[in-house]
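Each chain carries a letter (A, B, C and D) given by its place in the written order, and its residues are counted from 1.
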Amino acid sequence: MDKTLPDLATAVAGTDDGMTVMIGGFGGAGAPIELIHALIDRFVATGHPRDLTVVNNNAGNGHVGLAALIEAGMVRKLICSFPRSADPVVFTQLYLAGGIELELVPQGTLAERIRAGGAGIPAFYTPTGYGTDLAQGKPVEVFDGRPYIRERWLRADVALVKAHLGDRLGNLTYRMAARNFNPLMCMAAARTIAQVGRIVAPGGIDPEAVVTPGIFVQGVVEVANPQQEEDLNRAGATYPETAA
Amino acid sequence: MKLSPTQIAWRAAQDIADGAYVNLGIGFPELVAKFQPPGRQAIFHTENGILGFGEAPAPGQEDWDLINAGKKAVTIRPGTAFFHHADSFAMVRGGHLDVAILGAYEVAETGDLANWSTGPKGVPAVGGAMDLVHGAKRVAVITDHTTKEGRPKLVRRCTLPLTGVGCVTRVYTSLAVIDIVGGRFVLREKLASVGLGELQSLTGAELHLQGPVADLIMAEV
Amino acid sequence: MKLSPTQIAWRAAQDIADGAYVNLGIGFPELVAKFQPPGRQAIFHTENGILGFGEAPAPGQEDWDLINAGKKAVTIRPGTAFFHHADSFAMVRGGHLDVAILGAYEVAETGDLANWSTGPKGVPAVGGAMDLVHGAKRVAVITDHTTKEGRPKLVRRCTLPLTGVGCVTRVYTSLAVIDIVGGRFVLREKLASVGLGELQSLTGAELHLQGPVADLIMAEV
Amino acid sequence: MDKTLPDLATAVAGTDDGMTVMIGGFGGAGAPIELIHALIDRFVATGHPRDLTVVNNNAGNGHVGLAALIEAGMVRKLICSFPRSADPVVFTQLYLAGGIELELVPQGTLAERIRAGGAGIPAFYTPTGYGTDLAQGKPVEVFDGRPYIRERWLRADVALVKAHLGDRLGNLTYRMAARNFNPLMCMAAARTIAQVGRIVAPGGIDPEAVVTPGIFVQGVVEVANPQQEEDLNRAGATYPETAA
């Protein structure tokens, strides 16, 4: 078995119109910039995929990565906790114009809903959000005298994640706080594609140090020296690159 | 004339694809690992937190921190991963295993399985059986076709305490390979030497035909 | 005469024990980390999966894989641990943090907090605020005693969208330290230069006295 | 801050009558034999703790570790998935004589209930056990056309776990399949005590390799070259040692 994919175009080939796509990262840390840009390339070339539902903690920053995906008009709905950033203009304008749907989810609930999706737990109770506007319509139950609201799992057709090391079996490690939502999204998608800084031979990752076991990963593509959203934004980058 | 447990395990192993993620129940199902067809390498999962473990070590080489769900010593291979019990059962319940192969006391045409308890006597113990029957893309059973007393193990409705409802999709027995489709037993393979009438008489629910019935191979193992 | 934000942060820092696990909200609450009393070392948690991180790196030394919840670069220290978002919020919801210190638009005498939304205009964003108000053993607020327009931020009932119900246990303001006990504001400290009547007039719900009221220290920071 | 404890007696001093105690391990792997034996020592010396509710995957094997704890008469109730072993005589005889209560929980549900306890999730839904005797009395709910049963979290007063490396902040790693329930139990107990093979300085564990962050651990005691239940049983050991 070899889950290695030859290039980014192949890696994003299975993402189709109307799909739910989880995209890893918290802000720029752990954001799979190259995979997102490959998805935009495909849309520019073919008009697909479109009408995507995207799950991410944020709504993009500047004009690269997730912000560029939204700017390209590929996203119908965003499920996130914090659609603000240093430069949130792309999402903000589209949202205020009614051009994109937003499901706002508290950050811990978002993480737990994704984990639940991956773990076969269709619903769970949490104190988070009880008594607030974000609990509207959700069942309330009292356990041991304290009220909780019921939340449903989140699952996706595709997850695009960024990892540090990967092997051909799909085992992954992450780099520092670039871990964040990535391991959870690997669990919750029917098809998880990981861009990794380096592909190593099986056994090249200590079995104790594997963060995402290969069972949660369907494809691995090597992207050496991946771009950082923060660096791109400081350089004023856009994607696709605009003519000067 | 019937398949030995080893031959049943061999037959079940033929349906496991290269790279498949597989959980084998404790005991008899563990035999399946020995018969992977040439060129295929399944990745075995054990409930206690290992993916991609290898065979038993030589006697005297056991490390008792490296055991499988049956508490037997195993080994690591290139690509092995360790994880805790909640992540392990996330793999199980979350639909990530391609196949789970389990033993059975009874399998019903409804797909119900009874394999954890023979009744209220003694100390009850369930382990991971009730988890394993949910989530794997295919839940297969390997079993003798009848009990030692000759009573059918494939039945209309289970009489023993259930492990899971409507969970089994294929049964490999000492006489046949039978799928469970829409609440019915559908015969796929049988020993050439066993007539359809005889097979039906040893089966506690109606066997349905749906397409051709192949000969069940009696491997020389 | 009132405490500056830095002085409020200093006051809040005095109540954090050595070895306490602490989450500081984005922005103003982050100031608290600067004023740990000598000999004490709190362990700071950030939602995006770091425990025990250190101060900001020197400009130019940022690693953008090593950021806090405010997306600002931080550093590691001996004993830092990384983990994923579900484990991070298990720490939050599961009652493992000793204290969370947050900003506020409004705090009610019921312990209700409003700190995430000023109403239906614009783009709503909640982040981890609703999670943080549950689970930490103490949920404290640091805030100016009144809004820029001079209206009370400590009120009988919140008028803005709630972050959480009955969650705040202590409020550090520019004029006072106030506990929330049994649905009432209980005054613990106030600036010596501010009379009780004046403080009450700047507070939107009744201030109760229960034991002595100490002088609020105006640290030279 | 220093969570290091000087000895095993100090480590188990906080475990009192009637408490719920989670004990790590799966069979012998990851079982904190020395902590358990220290608890027995205390009982032998003082008559306490007793009437414990113990959470473990199993019910002990032979006459050491958990089996010895049960044999000493300290356990009122056991919550486990599989009370069988190569030599289950201690539990079996006591159970059949009505001397110990048993709550039987499917293994994955047991793990998830403990994790839920640690994560502040008071209840969740699982397909496991639906339609079986173990679902009796549990609420059933249908999600997306499929039935699930509701399970409650499990929390404990004390967790006794076995880890490989630990530091004075409580950060832990485990050794191979000795990980199993240990990291989950660390999360779910008010007071978690870890016996570790070696205490290292903070920073001695790679921040990426920490499995249990110190926030989940209240005490760490060093036990170099810990005993393996399997080795003890093969040698026919009992605890306390009986006179020959």
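Quick note on the criterion: a contact is a pair of C-beta atoms (placed from the backbone, for glycine too) under 8 Å apart; a residue touches a chain by one contact, two chains touch by 3 or more.
Keep in mind the model is a prediction, meaning the values are calculated, not measured.
**Student:** Could you work out how many touching-chain steps separate chain B from chain C at minimum?
**Tutor:** Step count on the best path from chain B to chain C: 2.
**Student:** State which chains count as neighbours of chain A and simultaneously of chain B.
**Tutor:** Both chain A and chain B are touched by D, going by the contact rule given at the top.
**Student:** Any chance you could check whether C-D or A-C wins on number of contacting C-beta pairs?
**Tutor:** Spelling it out, more C-beta pairs touch across A-C than across the other pair.
**Student:** Quick check: how many Å separate the C-alpha centres of chain A and chain D?
**Tutor:** So the centroids are 35 Å from each other.
**Student:** Please compute the C-alpha centroid of chain B, do the same for chain D, then give the distance between them in whole Å.
**Tutor:** Each chain's C-alpha centroid was found; their separation is 30 Å.
**Student:** Where in chain C do residues touch at least two different other chains?
**Tutor:** Residues 76, 82-83, 86, 89, 92-93, 134-135.
**Student:** For chain A, which residues are shared contacts with two or more other chains?
**Tutor:** 112, 115, 119-121, 126-127, 174-176, 207-208, 211
**Student:** Going by the touch rule set out above, what shape does the chain contact graph take here: line, ring, star, complete or other?
**Tutor:** other
**Student:** Every touching chain pair, please?
**Tutor:** Those chain pairs satisfying the definition are A-B, A-C, A-D, B-D, C-D.
**Student:** If we count contacts the way the header does, which residues on chain A are in touch with chain B in the complex?
**Tutor:** So the residues of chain A in touch with chain B come to 1, 115, 117-121, 167, 169, 171, 187, 201-203, 207-208, 210, 213-216.
**Student:** Okay, in this complex, where on chain B does chain A touch?
**Tutor:** Its residues touching chain A are 18-19, 21, 41, 43, 45, 51-52, 76-83, 86-87, 89-97, 134-135.
**Student:** Which stretch or stretches of chain C touch chain A in the complex?
**Tutor:** The contact residues of chain C facing chain A are 46-50, 62-68, 71, 76, 82-86, 88-89, 92-93, 112, 117, 122-131, 134-135, 161-165.
**Student:** Can you check the complex and tell me which residues of chain D touch chain A?
**Tutor:** Going through chain D, the ones touching chain A are 112, 116, 119-127, 141, 143-144, 146, 148, 152, 173-176, 206-209, 211.
**Student:** In the complex of these two chains, what residues of chain D are touching chain B?
**Tutor:** 26-30, 57, 59, 81-86, 88, 91-92, 95-96, 102, 104-112, 114-115, 126-134, 174-184, 211, 228-231
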